[in-house]
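Dropping the structures in below, format is structure tokens.
Here come two complexes built around subunit A, the first alongside subunit B, the second alongside subunit C.
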Partner chain A sequence: MKRLVLLFGIGLLLVALVKEGLRKRASQVPVTTSGQVEMCLSCHQERPEKVHSREVIGCSPCHGGDPLRIDKHLAHRGLIKNPADLRVVDYTCGAPSCHPEMPERVKKSLMATNRGIINTLRRYWGEIPENPRFREEDDVAVLLNEKSVSSLALDYFRKLCGSCHLWFEKGKFPDFLGEKGGGCVACHLVPGPKEAKHPRLTRKIPIQNCVRCHNRSGRIGLTYQGLYEDEGYGTPYIEGDFGEPFLVDGRFVREIPADVHFKAGLVCIDCHLAEETMGDGKAYTHFEESVEIECVTCHGGDGTTRKGRKVSGVKKQGNQLVFITKIDAKVLPLKAPDALKCRHKVHRRLSCQACHASRVPQCFGCHVRRDPRQTQLDKISGQETPGAWEEFRSYQRLEEPTLGLKGDKIVILVPG
Partner chain B sequence: MPLLSTVGIEGVIPFGALFRYLHYYAAQFTFLFLFWHTTEALWARSYQRRHFFHWFLLTSTYPLTILALFTGYIVRGDETGLSAGRIAENLILTLPFFGKILNRLFFAVSEEGIHRAYITHIFLSFVLFFLLGIWHFRLRKIKLEDLSLWATGALALSLLWPPPLEAPHFQTSLKGPWFFLGIQELLRYLPPFGAGIIFPLIPIILLVFFPRAPKRAGWGLLLWHLFYFALLGRGLLR
Partner chain C sequence: MSILSREGELKKKFQRLTWSFMDPHSTSKARTCKDCHTSAKTLGLGYGILSYQGDGRWLFRSAEKEKSSLLEIDFPLSALTNLRGQRYVYLSRKDLRPFNPEEIKRILRVGLCLDCHSDFSDPVMRNWNPQKICPVFKE
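Showing the complex of A and B:
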């Protein structure tokens, strides 16, 4: 018996020798400027942007794994493909030495909770009382842990709305859905140069990142850029191809005059503050509670929002207030509202949009159908579950909006 | 930077990883066999054939071996090692009068990093190896075949389960060396002096004075170890 074990030992020794011969070894131990050992750098050549540069941060503070090992199977244990995913963000982007205050704020924000959509949907469908009070359970994070679907409205939300929130796993679903979500990177990620082999993180969020989600309902992301979701079929066909541009999900769009701010070079983040987009630490039900920028913040105001925060783009140059854009630092003059037209007492109840929104896309006759015989992908759980929803509309128009009353204010009313 | 050396040994130097892994498992075997040997010696009442002074010297090698093993964890300089060093230092400093002296002798991690622990590790390991070697080889010659058997065991473990090396990231809780987890667990319930000094001192005193009151000391050791293994299990499951 002992001899057998000894023979086994000799065999193991041979295995160890072969393994050592085949083993990849580093030429030296790479250390980041912060003093952390990062063996990952001896194999990986990826180069993120300067602020998260490999020489300063390395790989493991974001992507996990074991930075002390050179063997691939050991080094890649616990690897995180997307460190910005809200499921892991407390340990990655939100680590104490990085952005510790952000995960909690973002998880409370409406883009993570979708509380407004869930609450309104359930209220309209008569599943919860008409009183639109704050409900903690109206939250994607709660739905993620729900074992079974408890209502029709939630089933609808899971299947048709469930891809536009920050908990959505980037790259998990096929086609254009694969580009959506991903926590922080849903907004902050842009493609990097090919030779960098790593995408870039940016604070200069391009409009495309916002419009990846903000292109339905009010269709603000499209209208702002001068695109109108057309009812057509891509006709007239030109040289055997569609005569109209189309979105990644196949909807045809037609070019219309873009918003004046878009023409001036402003993108979404020029107006919308970090506290609106990433949350201000409070949990809201509806976006009206969260959004604090108003037209008068810049036009006639000094850049202070209704919640008392400053819009960073509004600066004083000499005696004049100007707006400096975030993407390309363009300096733009800020015009105050017309003293006669806008301040006149007969117009005092008019919202700015009542006059300035000359055309608004309007979707009439919206209705949905659920076929219980078919299955459909639940975007929250990632499972195909019984019941397939389909949306229909009677017609879509680009028209002057109807005016109506909201409280004391005359606002535009848009069927979405 | 000690961690740089540890990672360098494992990731840069040829056969470095293999020798580090063998070293790790050989050390674990040393501790486990010493535990077994002590139990066996008590069971066989070998203390009856020893002078009390010799018995005292032999039993004192037990905590010294644990100290050598423990300092081995400190010197690798990873997250577990550094934290274990700091904890050990703070525990020993709770000892009145001798605390500072013993800390300067064995750890002094906050002042010298792992330097003192490294010297302790090397010095103790060699002293124990030679002294115990001389003592035991006089009594019994260990066959090369038996040693090769355990070397095979260490080699198999090295190839299958590379020993831990804890990176500093993503740690929300940190576990010390496995044999220390019972004390780590007890530190949740008792003050450092009680959990880190008095409690581990109990089995050493019982072992030293075992020949004077074998039955009571035997029960004491048994109960202490049962309690310790329960704490260890709780610590491992956390």
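Showing the complex of A and C:
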């Protein structure tokens, strides 16, 4: 009996020794500069940008997993492909030692809630009272938890508008939709060098990231760059095919004069503050409550917005105020409004845009049809559901703006 | 908006035309004075031709049909309002409105002067006085 136990013990020991001998081992134990063991680094060669460098942060604070494991399946348990997704961001980008104040701010921002779009749409369609008020429930985060679609306007929103918000899951949807959304990385991600094997996070948001969404409705992202989505004919024919350039979703565009700020090298984030784009901690219904930059903030002002915040690009050089662009650090002189034409008492009600915006795309007559016999992708739930929406228009023009009044200010009015 | 039935027939429909406000992000040198002070489109009347009838009266002939049975509207699609102050469309905010008839007339009256007094380089425009009567053009 004793011999049997001894033999079993020796066998067990041998098995353990062989298994231990075969176990994959790292040649060294990688440790970040903060002293954290990050076994991920023994396999992974990816190199993010400097501020999130592998040596300082490692992989697991962003991407989860088990940094103490070397076996792939154990190390990858709980792995997060996109740490910037708003569903996980409280524990990743928003961790106490990183950007703890941001997740709450961003989730309240209009780019996350889409409250303005939802509220306006439901109001236009007569589903909620005409008199606008703040409605907590007009929020993509609420729609994400809805078990069933409760209204026509919301069905329309889910299918035709539902890809332009920060809750949209990056890479989940096909074609050009795969590039959209992703929480923080919807804006902050740019391709990295091939050898880095990791995209780069940046505060210098390129205009292309903004225009992935801001290209419909008012089409400001296109107009700003000098592009006009025309009637869609695609002509002239060049070498037998449509000659017009087109967007990733197939819409044809033609070149028009770009905004002077674009020509000068300014991108969206040069004017629009972090508090406008990522939220200032307050929940708003409409964009005009959130937007605080005005033309006069820089032109004639000292760079202070209507909410009292400073535009970082406005600097003093000698006795002169200049604007320094974020992407290229170009130094541009700042001109004050013309003392006679702009400040004349007969023009006291005019907004700057009323005169200085010389063209605006205008879509007259928006026609919408829902066919229950077909299905369409609900971009909020990710499910193909019954009912397909189609949009048409009566006609579209690139034309001088129509003016009207907002309160006591003369502003630009457009159909839509 | 048209909602079809499972048989492909019209089950429900509603119609509403709404205008909103925006900054088009197309900043450039300012529009000319005539661009605003003589343009029916800018003033919210839509595409068409404006002609002065004398005694402060204006006539607007729309380039579009006044009524469209196809669109089921009784106003030109590009118009917000008319010279009588009738508002054709909804506006997206409570504090938005088209110009009223008095404002339209006031703006157009300046346009009558622009052939001779083209811009603020002219002292008549620089010192604009709405009470002043033109000694040349008979209003």
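By our rule, the second predicted complex is superposed on the first by the 392 of 416 C-alpha atoms of A that agree within 3 Å, B and C clash if a C-alpha of one lies under 4 Å from a C-alpha of the other, contacts with A are read in each partner's own complex, and residues count from 1 in each chain.
Please note the rule applied: a contact is a pair of C-beta atoms (placed from the backbone, for glycine too) under 8 Å apart; a residue touches a chain by one contact, two chains touch by 3 or more.
The model shown is predicted, which means the values in this text are computed figures rather than measured ones.
Asks: Taking the superposition as given, does A:Val106 touch the first partner, subunit B, the second, subunit C, both, or neither?
Replies: A:Val106: touches no partner chain.
Asks: Examine A:Lys2 and indicate which partner it touches, taking first as subunit B and second as subunit C; both and neither are also allowed.
Replies: After superposition on chain A, A:Lys2 lies in contact with subunit B alone.
Asks: Touching A:Cys298 in the superposition: subunit B (first), subunit C (second), both, neither?
Replies: The answer is neither, since A:Cys298 touches no partner chain.
Asks: Which partner does A:Leu201 reach: the first (subunit B), the second (subunit C), both, or neither?
Replies: A:Leu201: touches no partner chain.
Asks: Between subunit B and subunit C, which one contacts more residues of subunit A in the superposed model?
Replies: C
Asks: Per the contact definition in the header, classify A:Gly365: touching subunit B only (first), subunit C only (second), both, or neither.
Replies: It touches subunit C, and subunit B stays clear.
Asks: Quick one: classify A:His344 as touching subunit B (first), subunit C (second), both or neither.
Replies: second
Asks: Between subunit B and subunit C, whom does A:Val411 touch in the aligned arrangement: first, second, both, or neither?
Replies: second
Asks: Across the complex, what residues on subunit C touch subunit A?
Replies: Checking each residue of subunit C against subunit A gives 1-6, 8, 14, 16-31, 35-36, 39, 41-44, 71, 77-78, 80, 89-99, 119-120, 126, 128.
Asks: Which subunit B residues qualify as touching subunit A in the complex?
Replies: These residues of subunit B touch subunit A: 1, 3-4, 6-8, 10-15, 17-18, 78, 145, 148-149, 151-152, 155-156, 158-159, 162, 165-170, 172.
Asks: Of all residues in subunit A, which touch subunit C in the complex?
Replies: Answer in residue numbers: 120, 124-126, 131-132, 152, 218, 220-221, 223-224, 256-257, 259-261, 286, 340-341, 344, 346, 353-361, 364-365, 367-373, 394-395, 399-407, 411-416.
Asks: Of all residues in subunit A, which touch subunit B in the complex?
Replies: 2, 5-6, 8-9, 12-13, 15-16, 19-20, 23, 25-29, 31, 35-37, 39, 42, 60-61, 64, 66-71, 74, 78, 91, 95
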